[in-house]
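Below you'll find the structure, written out as structure tokens, and then a few comments.
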């Protein structure tokens, strides 16, 4: 049971922060199919910064790990800027842009990882080796049964994610900027008429979504393989999309959806272990979260309501 | 009086059209200045430039004697200019207060650190203003649950909240009841008396006559004149506007009820949220009869129309068309059975804006001979024939014939296209919902003539309108809805405009 | 990299291509080892040159297409990986081109193994390498619990697993260790004949996340040494080891995986067992160079130093006594006294006889 | 102001401005721009872009190579190009058809595996008469694809389930379940993929001996071309095509006009699914002969971009497929001849899609310039 919670959380939370990025972007009215590419590019950028910095002056200081998270956010944001440019400046179809960004991310990171490894480190490789991420157990709470598992052997990034998520929640629902951002997703003309700059708001929403996706991607890179490699493109970005659509573009329900994914996943492993099924059944186990989602969606979808102007290219002169 | 706003040689082009051509105008402080003109004359465009939605291609705008470059609504706000837009600009899933304060949110800090929007104060202030101006709203209501007239109020409150001095109203009365219009006009006068300057765009000449001081007439992007309202008759105004005189009367043949075409019995419609929208409504419409349903927006009229057309399922009751029960037939069956329907929302229901005019004109017949052959292949020559015929018969103005993309056409012409399509269906029953909303007098007149002609041909007509004048002018029988129920149903000749207005407000409750 | 003009005569030097799939020659692992063999050859024959070509999908049909796209351009094609087994037909049609095939034998149209005069195909006795891993693990374990993690129960993986199990049995019998094999029933493998072979299989070679969870489960069972032969899924096990705070060490496979085990200033790699591909690729190239090349399908063993375990100081962290005992075992395997069980070797680890 | 970049503007107007074939001209312009951008990238890497592009064309069989392997020639390379284009055409059509009706079908990959797998196990391992086997394979492809299409369409209209999420979930589920069966029942231990199918069932005549060569003959290419024209006809000329378009643009208005929106959505998804199914069988039982477990075919995702590159039109999709597959097929040869990373080609393809995504921007910009120039 404990391992379900510990593993589940360490998977759910990065997924959640990526989905939260999606909520920001789509909440402002811009479709974001690019999450997969953004998380990958973020992880690439984080991995690159880690490799460069540890090779030069910082050595093996643990602060580097946290610094690389920051760089991953920066990288994700940077690449999201391209999505923003495409969708806002060039008025490209947002679905197309997302698909293209994903493809571009895969080929760009592979290309640059190879080139940089070859030219900077003198050893061609498509990977950047990372450190393991520190884990902590909170002294007293962890003794409590079940609940304790939520505070046992946690990656410190889980706390970072929770803090970032709380901050982003506050930003979206409590501040003027957040209110306008949500209004942009509903009726951008209303925002323009009250003096807001729709394109600017949307652009920053996209940037924020990139940063969050980058953060999540980097956490996956640390927790799953302790390196950046093309295997970061495992489809978690798409899973995050499913999560926030499942969560009806709202932060709370999306969080629950991510928890569900994570726990269903880790529960699957425990179940096969308990049932002693042979390893070839692991394929079937892996379908568990997806089947569960499909079934739940049947019941919850009728209330599904995407932001009204989602996918509409904002054109001031269009009425 | 001193000049507050001055337009100097303003020109604004849109691809393929000059919306404003060298317009020079002065607006004095403290007056109600009306702007009049046909659909597409350039009124909204001119005012949008004053409000910073567009920049003029040429010319200058001076405010309080100073040359200003109004590049965004924010600049306009700072110049104390406010605008009520023709098409509401409201965020559906936020509350009234949130909509009103957008852009100038009052902010407090938690722990002296985290800024947050102070909704409490805002709610209070909105409430105060709404009470002060008699525009009652509940600040915490969410827009998507509100009827159109309340939304209109929110738009006005938005401007008042900003403390604007120059108030632009772009067709504010199009969706209001006579009583509401009356009170709005009153409010506008009040505002003027409090020293505000008002620019009013409307197609309703009597409103202009009633409250405004001066009036500018635009025609095809050009200013044709600025008139003192007190000394000009409405006929003169409209003549100037359209280039010829318009008669306000129609020649109606005497009402002789023919056989029953539509019979609605005990109709009940329940919304997705389990709210009863239409409750126990029964009526019938006969050949050669115009039955008008009057009522304040959101009292179930539109749902009746949707239920008859098959767009909304019935919870209870039955609908008979020509003696045949159609309660559970699908939309197409009903169309084929003889129902034509001009819906309220032409943009999202009546038309597919990104298709060509031709395709829209064939929208209800594309699948039949002669537009589609037996094997499912469309017959383009025949579609074109229909398209060009309707375009000329109904004088639909469009830039590139039947290939014009409908989105690029003006609202009036879009409406004409729908009416043309529905009339040519040659149906037994025609349902018109708000057929003249937002149209200029010329266009309205033409449509009224059409409806009257259809009546003479022996069609049964169900007219749903918020415009009481329209109801009074056309109806043989008037049905007034209030809260989803029938308030009264009577011969038109037995009712006065005032009475209908009172029924609409739910004043008399008729005993049965 | 230079322009790959096919050279008319051998004096100008061999024009070599290495075709890999789906990762490249710089994967720090399998492909790189082969590439190193070529580079070693070129160091001695500077007139020769090599072009690296990668086929990213890893699909056999695409691998075959990639080879046929470039076959006319080179004297020698080094094809690394089981994906290239289908080149038999192509090799027949291009008798002038020499093929070096690693980890698989060529097959004809119908999928049967064939020998061709221009194809030198090598496979390795993985069970021997696995055996060394088993001995090392049994000698080094402190909890007396060890395990092997594999990808999918294909013959090469089963060989590693069986070899490892035999190694543990051998060490327990000969050196008095008390190592116990941990097998999660839920991760048992089913080999290509449908037989249950036990072991711990991830079920994929590319699922790092599942690999990590498997590693954690084994750690929870008390294992302190895991032999990892699971491709990229193995990275997940490494991650679990790195996060275990020194409780868990891994034995790498195929190539020296020391670099993959670094974390901070520590390392989780106990040692790595080897398939010595670089040496064999270089040998084959030398034969082509001096004209003694003969096509063959060979199974390479310790007797040609083609299997083994890393003993270099600084690349492993075994005790000196362990290395000594490994040397004994190595010579016994080399001279054929000890034959570890393999997938199709005719006997299972349980039937392994300790001589 | 206009004077300064007049030439640039005029050039853009000529390329993308109003007039005949504007969409087509814009697409070509975008392709040129991306080749140009890719060229700059290659220059940075110290390679001659012209040589690089030439070697891509050589690798794809459009231009002759310097030398050929035994039993190969430019003709065989070209035939192989067609062989790989065939599934791409089907997949791109599948995406285009669904998107015309406003449905974003990213389940093409999943449907491909599903139909490929079913056809493989039902027909691929039998020794039926070749003609019968091939016909059955095609039918099974269509059938399986349509089934998945119905499922997605039904879930969308009946439960309002977002088709993107459904597709993502289905992709995963199908992928893992098929992988399970392959790993447990149909695995070939040497190739680690499903056992190769009987050539009788294969939709490509592989290594077909003719003219002393060994040719890949894609039997489905005529079917694919027929499908292109049939879909074009369907979308532009028929009642159903009109309904699809109308529902895609505005489903409320379509319902108002009497169209049965759910029926149209489900029918569209049947069609889209059937095309994806065809893509699946031509891929797994045509250009390939076995299935890689746990790998979603990248082709299914590339098809989205290809369909968009082709402006969602049938003919456009066909040419876009050819273009993208040329890049795909020529990459290995280019990488071999120039010794550059093959990622370059993928990068250029991505740039190409990037440019085509903003084609609409170039078009409106050119329209605006055209007006300006007219007025001056």
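Letters A, B, C and D mark the chains as written, and numbering starts fresh at 1 in each.
Methods note: contacts are C-beta pairs under 8 Å (C-beta built on N, C-alpha and C of every residue); 3 or more make two chains touch, one makes a residue touch a chain.
Each chain and its UniProt protein: A = Putative ABC-type transport system, permease component.
Since the model is a prediction, treat every value here as computed from it, not as a measurement.
Enquirer: Quick check: more C-beta contact pairs at C-D or at A-B?
Expert: When the contacts at C-D and A-B are counted, C-D has more.
Enquirer: Please report how many Å separate the Cα centroid of chain C from that of chain D, as a whole number.
Expert: One centre to the other, that is 37 Å.
Enquirer: Rounded to the nearest whole Å, what is the centre-to-centre distance of chain A and chain B, using the mean of the C-alpha atoms as each centre?
Expert: Averaging C-alpha atoms per chain gives centres 45 Å apart.
Enquirer: Approximately how many whole Å separate the CA-defined centres of chain B and chain D?
Expert: Each chain reduced to its C-alpha mean, chain B and chain D end up 46 Å apart.
Enquirer: Just the number, please: Cα centre separation of chain B and chain C in whole Å.
Expert: The mean C-alpha positions of chain B and chain C differ by 77 Å.
Enquirer: Could you pull out the residues of chain A that touch at least 2 other chains?
Expert: Correct list: 114, 280-281, 283, 286.
Enquirer: Mind pulling the chain D residues that touch 2 or more other chains?
Expert: Where chain D meets two or more other chains at a single residue, that happens at 183-184, 294.
Enquirer: Mind pulling the chain C residues that touch 2 or more other chains?
Expert: Within chain C, the residues that touch at least two other chains are 190, 203-204, 206.
Enquirer: Strictly by the criterion at the top, what is the full list of touching chain pairs?
Expert: Chain pairs that touch: A-B, A-C, A-D, B-D, C-D.
Enquirer: For the complex, which residues does chain C have touching chain A?
Expert: It is residues 23-28, 153, 184-190, 196, 200-204, 206, 208-210, 212-213, 216-217, 220, 232, 235-236, 238-239, 242-243, 259-260, 262-265 of chain C that touch chain A.
Enquirer: Flag every residue of chain A that touches chain B in the complex, lowest number first.
Expert: That would be residues 170, 174-176, 179-180, 182-183, 186-187, 189-197, 308, 316-317, 319 of chain A.
Enquirer: Can you list the chain C residues touching chain D in their complex?
Expert: My answer: residues 1-4, 6, 17, 51-62, 65-66, 68-73, 82-83, 85-86, 89-90, 93-95, 97, 104, 107, 109, 111, 152, 154-155, 190, 192, 203-204, 206-207.
Enquirer: Which of the residues in chain D end up touching chain C in this complex?
Expert: Listed in rising order, the residues of chain D that touch chain C are 59, 65-72, 80, 183-184, 187-193, 196, 207, 214, 287-290, 292, 294-295, 298, 329, 332-333, 335-340, 342.
Enquirer: Could you pull out which chain D residues touch chain B in their complex?
Expert: Where chain D meets chain B, its residues are 237-240, 242-243, 245-246, 249-250, 252-260, 367-368, 371.
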